[in-house]
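So, here come the structures, one by one.
In the two assemblies presented below, chain A is common to both, partnered first by chain B and then by chain C.
After this line comes the complex of A and B, so read on.
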């Protein structure tokens, strides 16, 4: 009984309290229910939301842009970060630009990107790509720096060519850091894609949110936000599960 | 090359700071002139400077900057107080951690951008929605970073103090706080970026004033130079504030190598 309590019930207490507040505050009139519909009313809108074609198309657009951004950041950022960890020259060249990129509000870049590339995967996806790049490069860099030099010597001594040690030795060593960095990138990516699509208002859940907000359909705004919030959580949980399955030795 | 090496340390750090910026401006100039070659899509740096100058002269620039900086300041200050407070409690008191940690993790992975419209519905178009959004984005990394910093303090330090008869309160002030400072400062730097992003993004998305809103307006008015000028200003603000936090952090943790 106490194990069930500790692992399943106790973590949920805080969330249940918050949900309770969500229900009670508008119901009792403490918060205007036009502005913050009670939890039950928002839940009631869910079936309509999930079956609407507009929302389905929006989800597809958001999901595609999100994952394209994350995967491209991984494909480019991970090797870059690992290279930075092993080569002083690459580190010196890239350290400052990446630091600069870090401080820039990435979604702000969507405006110039749209000016240059027009609305689409290059601009909106580009924002996601840039946002995900930082955590991935940073974690790849830190992970590759932790590579035990003895492992590298061992690999070289059995005849592994230098360029291959990157894949066979550095990558597995960097994997634990890289996995947690990518986890952050997944969350940041979702945040960025929603923000960018909200600003650009062409397609995706961000645009859907804006449209509902614009015409005053506040219940729809709340229900969409809830669905997306839960989506982010599920994505994170799934990510942890899958990475534990695929790389059990790295976690 | 020898000439650069002969410069004093102070000059070398100035060069190290200016050089990447200078190369960035050069790359920008080359891209704008040769690759994109379209002043509407990507104005050259000088044109952007000109655009900023015009914005300033028209009188809309400085109020927008002031409003945005003020919002960032308030959001960041609140995030630091909440973040350090909750983070310390989370890292040091197990019962608090048991209840709060699931909530913090729950909200950490939540895409708060989706919740922003709901915030605006409740709080209106003004500063409060942007500030709260900034706090929402900044506070979670600060909480988690501070909690980690507190929970990884070497227990022996605390035991030494207590065994010498130092009271719990004094131990906290004299041992725990200095020990957790490097981690707390690192978390504070991450939080700053999130606070800037939150306020700026909030202004971009829905708002009546501020730098983000100005950028959107200039973009709609097809004034590319002004649009870029706003974006560059936001970056400058972020980098400047980061520099300040870094400097203060270094002062506070001069004794540590981290």
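After this line comes the complex of A and C, so read on.
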């Protein structure tokens, strides 16, 4: 009983309180019922939303762009961050440019990217890529920087050649940091893809949401936002569960 | 046994050797399993200088001489910061010396290799590998097949008294178990010399005593050459054939002492032996003479 309470019921209490407030607030008149419909009304729109062709296509476009951005940032950012952690030369060469990127709002970069690549995966995905790059590079850098010299020496003393220590010691040492950084990147990536689609307004859930807002379909706006929030939550839970399964020593 | 060649080069070392001989005459091999035919490791005038944070030169080691014979258990004791771990890392090939030479089997040590394994005080094991994978890591890295590597790993886990924990991760083990796995890993990699950098330093008193006895047994059964750095004089006497005593600023050898207590050594009777007491007092007096505390 206590395990069921601890693992399944207790985490839901906060969400249930929020949903209760959402249901009650429009009824009290504190907010405009038309602009913020009650939770039950939004839920009523969900079947129609989920079966509509437009939303399905938008969802597919957003999910594709999101994961292409995250995965490409991981493939490029992880080795880059680890190299920065192990090589003073690489660190000095890349620290400033990456630091510069840190302070720029990534969604704002979608306009110059559209000018270069046109509207599509490269421009919107580019925003996601740049947004995900910072947490991934930073975590990979920290992880590799903190590789215990004892682990490197122990590997060398049992016959691992120097050139192999990057893959066999530094990478696994950096993994706990990298897993945390990538988790952050998954969330940041979702924000960035929606933000970029708000601006470009050609395809994806961001555009779908904005279009619904423009034509005054506020129930649809809320139901779309709810689906996005739930998908974000599921992605995060899945990520944690898979990480625990694949890297049980790291989490 | 004759004084170690090179020891007489230092007047302080020569004096200390005389003191050691006076209080406890040196004897021929007392290890029982040792076959002292050739020096396994020789350090000749090894120095280490590095730059401090403000760019100043700091001399950690000042012309250290040391010899370790095949199959011996040798300890290095000295005050904190005297450079004994630095010396061990230079012997291992992990750090370069600033001058002088380190020879193993007559060949100059130029970097780490599988002939010299090391066990650290902490962080010895790879946290991302299970116990079995950690111990099989060396054989795998050396090209042995998966099955053979695992068989060898199981053999050495049994030797260190840890069968049945193969699938656990290091974080699930006690400090003493982790150190035993680390020793098993070094042995499984077929190291000829095992370097031990304060391997029991992070353990509680009871685990430390238990592991000292385990280490003595493992050394006798594996017949490996072992060089241990420790703060504990009692530990050094219990485990070693010979003890090098270092002073600091910069680190130099001030004595090379034969323990001369027959094996197997039983802790209860060891503490009551006159040889143990005189040796312990002698090492303390040497360390007090350095003006530093252990």
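Couple of notes before you dig in:
As a convention for this text, the second predicted complex is superposed on the first by the 237 of 251 C-alpha atoms of A that agree within 3 Å, B and C clash if a C-alpha of one lies under 4 Å from a C-alpha of the other, contacts with A are read in each partner's own complex, and residues count from 1 in each chain.
Quick note on the criterion: a residue touches a chain if its C-beta (ideal position, glycine included) is under 8 Å from a C-beta of that chain, and two chains touch if they have at least 3 such contacts.
If you're wondering where the values come from, they're calculated on a predicted model, not measured in any experiment.
In the superposed pair of complexes, A:119 makes contact with neither chain B nor chain C. Using the contact criterion defined above for the overlaid structures, shared-chain residue A:236 touches chain B, although it does not reach chain C.
Judged by the touch definition given at the top, the superposed model places A:97 against chain B, while chain C stays out of reach.
When the two complexes are overlaid, the chain among chain B and chain C that reaches more residues of chain A is B. Legend: residue contacts after superposition of the two complexes on their common chain; A:76 is shown touching neither chain B nor chain C.
Contacts of A:175 after superposition: chain C is touched, whereas chain B is not reached.
Of the two partner chains placed around the shared chain by superposition, chain C is the only one that A:249 touches, whereas chain B remains out of contact. By the touch criterion stated above, A:57 is placed in contact with neither chain B nor chain C.
Once the two complexes are laid over each other on the shared chain, residue contacts for A:156 go to chain C alone; chain B is not touched.
Here chain C touches chain A in the complex through residues 89, 92, 94, 111-114, 116-118, 120, 122-124, 126-129, 137-138, 141-142, 169-171, 185-186, 189, 191, going by the rule given at the top. The touching residues of chain A, when paired with chain B in their complex, are 10-15, 18, 31, 35-36, 96-97, 100, 102-109, 111-112, 115-116, 187, 190-192, 194-195, 198-199, 205-206, 209-210, 212-213, 218, 221-222, 224-225, 228-229, 231-233, 235-236. For chain B in complex with chain A, the residues that touch the partner chain are 20-21, 24, 36, 40-42, 98-103, 106, 108-118, 120-122, 193, 196-197, 200-201, 204-206, 212, 215-216, 219, 224, 227-228, 231, 234-235, 238-239, 242.
Touching chain C in their complex are the following residues of chain A: 148, 150-151, 153-160, 168-169, 172-173, 175, 247-250.
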